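Letters A, B and C mark the chains in the order given here, with residues in each chain numbered from 1 onward.
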Amino acid sequence: MQVSKIGIPRTLAYFIYFPLWKTFFEELGHEVVLSAATSKAILDRGVKEAVNDACIPIKLYHGHAAALAGKADYIFCPRLVSVRSHGDFGTETFCPKFLGLPDMLRLAMDDLPEIIDVRVDLKKGKDELWQVFLEIGSKLGNSGEEIKRAFTKAKKVQREYQRLLYQEKLPPEALELIEQKIPVPKKDKSGGSYDLQVAVVGYPYVLYDAYINAGLLAILEKEKVKVYTQDMISDREMNRQAKTLPKSMFWYFSNRAVYGALHFMQRPEIEGVIHLTAFACGPDSMVDRLLEIESRRRGNRPYLSIAVDEHTGEAGVRTRLEAFVDMLRYRRNRK
Amino acid sequence: MKISFPHMGYSYIALKWLVNHLGHECIVPPEPSKKTLDLGVRYSPEFACIPFKILTGTYLEVAEKGAEIILTSGGMGPCRAGYYWVMHQYLLDEIGKKVKVIAFEPPLCNLRDFWQKLHRLRVSGGLSVKAFIQVLKITWEKIKAIDDIEMKSYHIRPYEEKRGETTRALWKALEFVDEANREDEVDEARQEGLNVLQGVRRDESRDPLKMGIIGEIYVVLEPSANHYLQIMLGEMGVYSDRSIYLSSYTRKNTIVNLEGDIFQVARPYLNEAPIGGHGVNSIGETILYARHGFDGVVQLAPFACIPEIVAKSIIPAVSRDFDIPVLTLFIDEQTGKAGVQTRLEAFVDLMEKRRELKRQRERWAI
Amino acid sequence: MKKAYLGVDVGSVSTNLVVIDENKQVVAAEYLRTSGQPIATVQKGLYSIGQEVATHFEIAGVGTTGSARYLSSIIIGADIVKNEITAHAIAASSMVGEVNTIIEIGGQDSKIIILRDGVVTDFAMNTVCAAGTGSFLDQQASRLSIPIEDFGNLALKAKNPVRIAGRCAVFAESDMIHKQQLGYNNEDIIAGLCEALVRNYMNNVGKGKEILAPVLFQGGVAANQGLVEAFNKYLEIEVIVPPWYDVMGAIGAALLARRAVEKKKKSSFKGFNIQEINFKTRSFECQGCSNACEVVQFFENDDLIARWGDRCGKWELQAV
């Protein structure tokens, strides 16, 4: 077997599945090369390469992929079709742009390393995930035995990561803890030094990418706000929320944002809900209006929508957040 | 009950007949106008696509006219359109309109729900099962007749001697279908209509350019949404063939249905299907039009339409490999007729020059 | 008298008139602001260009282009009406025969035209927003209180162009103000704006196009040396600004007119002195069917000379 360098763009599903991918590749004896955190240069490159009408996350992905050119033997860009059977017809998928992403990438840039675009469609059954990893491992020249072992280990690390998220760690911090192989701490009961609890929902690749959202989570932390996101909620609770809607949406990440928001709306200690949306995101045009209406219907919970795009300035985000937080504190004091 | 539905091309003629003969009162949706769009833009999310906004406007207009129920289609995704009815219900409720949106989800997904909704329509109108089936059948025949007539008009118009004659013949022909009440009458109306179109005075010496129209279903099917693009083309002397008709999937006689699986055709370029809406179709259809000797293709899509953006990013490669020019027109509420016309005229000039050169080369080759 | 051809380009921002002689040389050119009054502007422009050329030349053919091409063709009596993309391509290839790329930036729209062997093979126009058009710079110029004419020279003096982010004018403006507040000088900011416009143009209109030299840069804003520099830098190709860069559409229309009258023999030109004529439009709603089309009637003094807006052709005037 030849040792390969696997390039992983630090965006999109990275924030959710990176421990799984990384462990798998490394256990197989390959090297993982991660693109740098989003920067002006990466964004500019993405804007330049991607089709003009695409949304920011797709442009970002192009930028991250371009940054891996010359540094890796492969770019790992799985074609994310579905990860579960969900929705009114069991047909939940990722956004159409994700479905076409590997093809878009190939046609946009000539100088990219070979793309590993294994199709991930898990709605068919439990065995599918194994098939996906078997395909990747075989492509890289590993034996069935090695792949099996790496897959088992990878799933274990991913479960640990998941547990950290359920313990209300935010993905950037959880990724660091996993990286340092610190044993998973028991649930932190100290409470911290916050005096306000707010939920922030949105796509992981917008929510946890500090560049593209102009440091939103850090600003909230500085404001002494405890932040909850949809990724801290169990699947079972998500499914319970799904039943309260006339119909589920079709897109995995959108559904998670919606169910997460609906869940937080019924927790009295969470005083406001923020929806972080990506400029020109098709599904978000629906998500945002739905959440706005539901937040009014479900207990008139204060709701703020912030859209980010390629020229979001920190000043703009800070102003909106500070005003929202001030309003929440004022409301509470008046009660 | 007072029932309405979205305006989509000339299908309202068949749907009006359907609602009336189910024993309900039909509120015919007006052709989308500037006012419709203004209303739609005002109440829709900013980044919703233009079909959503036009439908919002239409629903508010029919609600104003007293509609109590709006019949529409659902969908299983991943195109946004399948979620429209839910959002429209939310919006109508918020505005305070007492209208119920009933969506027919694809019967393959949920047959029971589909039959239940039909059953309720039948019972509330007081029809026997037999009569009900007959009404559905005639409606379907009408839709097919309307499509046949419309299709023919696009093939005739580039030859018309006097501007407007085809359009007038089209209206006359549609009137025949409108007035038909029995199956044999619909068939007769269809034949008569086609004859009227055939009777338009034509200059057969012309050699029109052939253009394929592809893209997202609503902006392709609703002429008012695309600034009457196909009529504009016809009056510029261009023969246009479009990939989608409501009766499409039962057809065997259109370019797009000639070659079986469109997804298979697109596969070398997009290794995934479906991706929602007509995204994959747009890629495959460009290939088919090229293979059938068309001079060019226009891709019509709402601004920010997700599946068509994927298609657009891939079409340049198809266009290069198959040597067929493609013009993409993204439409939103700011799109003006003048802009569409300028681009089309320039595109027609481009196609003309290409055809000239191609023929020259062919002559030399001989 | 020698024969000459008149080309008229009526756009939303400017109205250009050009007269060329048999050797395709420009003998007169007029550049006016349309100011929302295309009819009056055309009348005025026609009169003043007539003053210049009427004694030496006889107009043998007229072509119109631009967004008001149909209206102006009726007023003037044009022999050919052509869209501005084709007109620009014709003009450019008559000046630089082997031109492969045309960058055209106007006030409210911008286009790229790709030619190979003198034939247009691809083109694109800006989509919904004003990113990558002249109005982007106009707005920033007024914000900075610097006349747009001075932009080019100031930009050339820049040492370190500032990076101005922003696709649309609104976002660019807020970023520009931010940069001012950080203390950057005007030269660097202006050069930054020029680079931002080029970037927006390339990302919006030029995306995915194969840009080969020679590249012609035309349209009103091509006067701006700062922009020329910014294009040179971005494309790594020296762009060519043709001598009549700001009236290329009109030149194209004149060239097309020259070709059109070869077939047609006699021009329909109504003459230069139409400024006394009272052109007016009146519209009515046709009651012929439920479509209720708004039919526009166009009068020359009291004579009805054109009608449009009806879908069915019922109100079409018979060609005279």
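We adopt the following convention: contacts are C-beta pairs under 8 Å (C-beta built on N, C-alpha and C of every residue); 3 or more make two chains touch, one makes a residue touch a chain.
Note that the structure is a prediction, hence the values are computed from the model and not measured.
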item	value
Comparison of B-C and A-C by number of C-beta pairs in contact, larger one	B-C
Chain occupying the most central position, where position means C-alpha average	B
Separation of subunit B from subunit C, taking each centre as the mean of its C-alpha atoms, in whole Å	34
Separation of mean Cα positions, subunit C and subunit A [Å, integer]	46
Multi-chain contact sites of subunit C, meaning residues that touch two or more partners	127, 208
Residues within subunit A bordering two or more other chains	51, 53
Shared interface positions of subunit B, touching two or more other chains	303, 316, 330
Interfacial residue positions of subunit C with respect to subunit B in the complex	67, 82-86, 119-123, 125, 127-128, 208, 289, 291, 310-314, 316
Subunit B - residues contacting subunit C, complex	31, 162-165, 167-168, 171, 228, 231, 303, 316, 325, 330, 332, 334-335, 338-339, 341-343, 345-347, 349-350, 353-354, 357
Residues on subunit A engaged by subunit B in the complex (per definition of touch)	50-51, 53-54, 79, 81, 87-89, 91-97, 99-100, 102-104, 107-108, 117, 119, 245-247, 249-251, 280-286, 288-290, 293
Interface residues, subunit C side, partner subunit A - complex	127, 165-167, 171, 174-175, 178, 202-204, 207-208
Residues of subunit A that touch subunit C when the two form their complex	47-48, 51-53, 310-311, 313, 315
